[in-house]
Amino acid sequence: MSEQYEKGLKKLKEVTGGSGEAVVASFREIAPDLSRYIIEFPFGEIYSRPGLDIQKRQLVTVSSLVTQGDTAQALDVHINAALNVGLTPNEIIEAIIHLLPYAGWPKVQNGVNIAAKVFKDRNVAPVWENEK
Amino acid sequence: MSEQYEKGLKKLKEVTGGSGEAVVASFREIAPDLSRYIIEFPFGEIYSRPGLDIQKRQLVTVSSLVTQGDTAQALDVHINAALNVGLTPNEIIEAIIHLLPYAGWPKVQNGVNIAAKVFKDRNVAPVWENEK
Amino acid sequence: MSEQYEKGLKKLKEVTGGSGEAVVASFREIAPDLSRYIIEFPFGEIYSRPGLDIQKRQLVTVSSLVTQGDTAQALDVHINAALNVGLTPNEIIEAIIHLLPYAGWPKVQNGVNIAAKVFKDRNVAPVWENEK
Amino acid sequence: MSEQYEKGLKKLKEVTGGSGEAVVASFREIAPDLSRYIIEFPFGEIYSRPGLDIQKRQLVTVSSLVTQGDTAQALDVHINAALNVGLTPNEIIEAIIHLLPYAGWPKVQNGVNIAAKVFKDRNVAPVWENEK
Amino acid sequence: MSEQYEKGLKKLKEVTGGSGEAVVASFREIAPDLSRYIIEFPFGEIYSRPGLDIQKRQLVTVSSLVTQGDTAQALDVHINAALNVGLTPNEIIEAIIHLLPYAGWPKVQNGVNIAAKVFKDRNVAPVWENEK
Amino acid sequence: MSEQYEKGLKKLKEVTGGSGEAVVASFREIAPDLSRYIIEFPFGEIYSRPGLDIQKRQLVTVSSLVTQGDTAQALDVHINAALNVGLTPNEIIEAIIHLLPYAGWPKVQNGVNIAAKVFKDRNVAPVWENEK
């Protein structure tokens, strides 16, 4: 395997853990080059770049996915990744709610629903003070 | 509760009935402030504004949701709301079909599919003269 | 010309006046069938449909254009059309502002900017009571 | 039926086969004019145009649907259509992968997932040389 | 003015400085409530929330705006804001480039072009080691 | 330079000629890695793939750009590229018009406007039989 592939595989596991690896594997039969491109570019190149810390990177990804819509598979991977890189459930919900004025209420509601599923699978939850 | 929240809760029930309240309740555990923001801004502020009648407001919402895509949960609430504010099933279908040249055939087809589900749940249907 | 084309041309003038005709004319050299399709389908078919009054139709169009973004040429035509079919400047601004929770602040701001240009060209303006 | 309708029905069957006919039929009760518009415009007008061969036309459609997102029903029809007009499974996957830099990885991944389902139903598969 | 408005005005100045205030002022004549809503909700509510630090919030905003497209006015304000809250030109460019696999090359290129204009106006620039 | 970069530079020139090279150069100061990524991935990887002929590839790109909207800089490059790879002005207009039912009238109108500018710069034009 090329150096970029090796670097990407390492970064994929580090950031996305099992959920990202499963998605990559799911394409190996129908489109093996898609599996390779997922590893080589987003992870081998982009996520491996210095210059922006991993938590900030992860929030940039989550924000784009919530904003786009129809990204349920990718958002599942990337909300898991957000937890993996040390963002708390509260911070993740805050980031999605932050999008209310930018992406609108329906997309934010979709994003929070997906976060809820991931949190349930990971047995974590945000902790809120009593809000009035 | 604040005055804006009370106003919003009243407007939420008036416009969306049970379907809107259910969506708001679904977020109370994971993101209580999202529940609050749904009530306070779209309903406490926007839907409570004078200056545009409720049926026109509701069509602006439905049009935006169909155009955006990936808004099935919100469209379910808002097609119900369209019926609640006195738009007929025919008018609702007309409004979605009106989007063919603007949002394209696939989004309109998705929108009509969601309307069909809502109408079935509400036991209503559009009435068409024989079209050739 | 076909019957549908004649019907569409009549409806185009009625709804969009000069601004729509100018857009149609602008395509006659590079893509004459595009000019024909603008007349035949959105206007000859869709806008000519009974079942939804013209002001509601026009708001469905404006909502979709604001939501999509990058629709400055079409929005110019259609905000002019909104005035032509009897919607007031206030109602038009209300409809765009209504989109804040659905399309988000940036798209609404773009839409209001385009409305401002059209109103200036048409020498009309919304009239607001003192807002705090 | 009008001449355009007859032409469209013939083209719908030729290009989309059973999957397109099923979608058209699904709207006949709730929105009969939508069924008619699907037949008359995309197929009676657009797909019937000379000037661009059918395989190129089909790839333009698939590209737009993958790019838009939330087009699963239409993409199912149109990936079937891509096979019907003689594009190979490999060419279809290549076209979707081609969108990685334009529509982004999540939308391409969604598109490949839908292609996988269609290929499975059609008992076809792309054939890849060993890729490293 | 309401408490939320005061809080929002303070936050607007703190985060966006002059560019945000200019945008708010530009709507006062045509849509005074839009000016008020910009201050009250995105800034009075969302940006004033604890739970996510200001630099992370700002990157969530920038990511959404680049992803959406057609947000030049808002991106100008928010890239200025990114500088105001202490993100470096390098971090801002890194965040936009991070979107290559998510929003695609054209949107990222648009975003970098807008950043270039803002940096020029602010007399700042990213500093790159020699890249091969 | 890496092998992928060399391959990409060659393909960039071959497909996009001067317009693509100018865009790449425009980013060298503000984001040199963006220039590199444009060369390495879309051109070094994707456009260099066998399995789909260059004219089909180019139409997939144009379709995605027209569908997305707000892609004027990229569409300028890629309509030029469409001519460079042997598509005729007629075929290019046909491909954009083909998007009427998928991307909607406003986006197609924007796309045709951009094509018109490119054709004027290149001193070419589509040739239409008399259309009624």
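The first chain written gets the first letter, and so on, giving A, B, C, D, E and F; residue counts start at 1 in each chain.
Just so we're on the same page, contacts are C-beta pairs under 8 Å (C-beta built on N, C-alpha and C of every residue); 3 or more make two chains touch, one makes a residue touch a chain.
Molecules present, by chain and UniProt name: A, B, C, D, E, F = 4-carboxymuconolactone decarboxylase.
All values reported here derive from a predicted model rather than from experimental measurement.
Asker: Touching both chain C and chain D, which chains are there?
Answerer: Common neighbours, chain C/chain D: A, B, E, F.
Asker: Any chains in contact with both chain A and chain C?
Answerer: Expected: B, D, E, F.
Asker: Pick the pair with more C-beta contacts: B-E or A-E?
Answerer: Contact tally favours A-E.
Asker: Return the chain whose centre of C-alpha atoms lies at maximal distance from the corresponding centre of chain A.
Answerer: Chain C.
Asker: So how far apart, in whole Å, are chain A and chain B when each is placed at the average of its C-alpha atoms?
Answerer: That pair's centroid distance is 30 Å.
Asker: Could you please state the distance in Å, as a whole number, between where the Cα atoms of chain D are centred and where those of chain F are centred?
Answerer: Here chain D and chain F have centroids separated by 22 Å.
Asker: Provide the list of chain B residues touching at least two other chains, using ranges where the numbers run on.
Answerer: 33, 37, 41-42, 49, 65, 68-70, 97, 100-106
Asker: If each chain is a node and each touching pair an edge, is that a line, ring, star, complete or other?
Answerer: Topology of touching chains reads as complete, every chain touching all others.
Asker: Which stretch or stretches of chain F touch chain C in the complex?
Answerer: 69-70, 93, 96-97, 100, 104-110, 112-113, 115-116, 119, 125-126, 128, 131-132
Asker: How about chain A: which of its residues touch chain F in the complex?
Answerer: Interface residues on the chain A side: 33, 37, 41, 45, 49.
Asker: Which of the residues in chain A end up touching chain E in this complex?
Answerer: Interface residues on the chain A side: 41-42, 46, 49, 51-52, 55-57, 59-68, 90-91, 94-95, 97-103.
Asker: Under the touch definition given earlier, write down the residues of chain B that touch chain A in their complex.
Answerer: Chain B residues touching chain A: 1-2, 23, 26-27, 30-34, 36-38, 41-42, 65, 68-71, 73-74.
Asker: If you look only at chain C, which of its residues touch chain A in the complex?
Answerer: So the residues of chain C touching chain A come out as 100-106.
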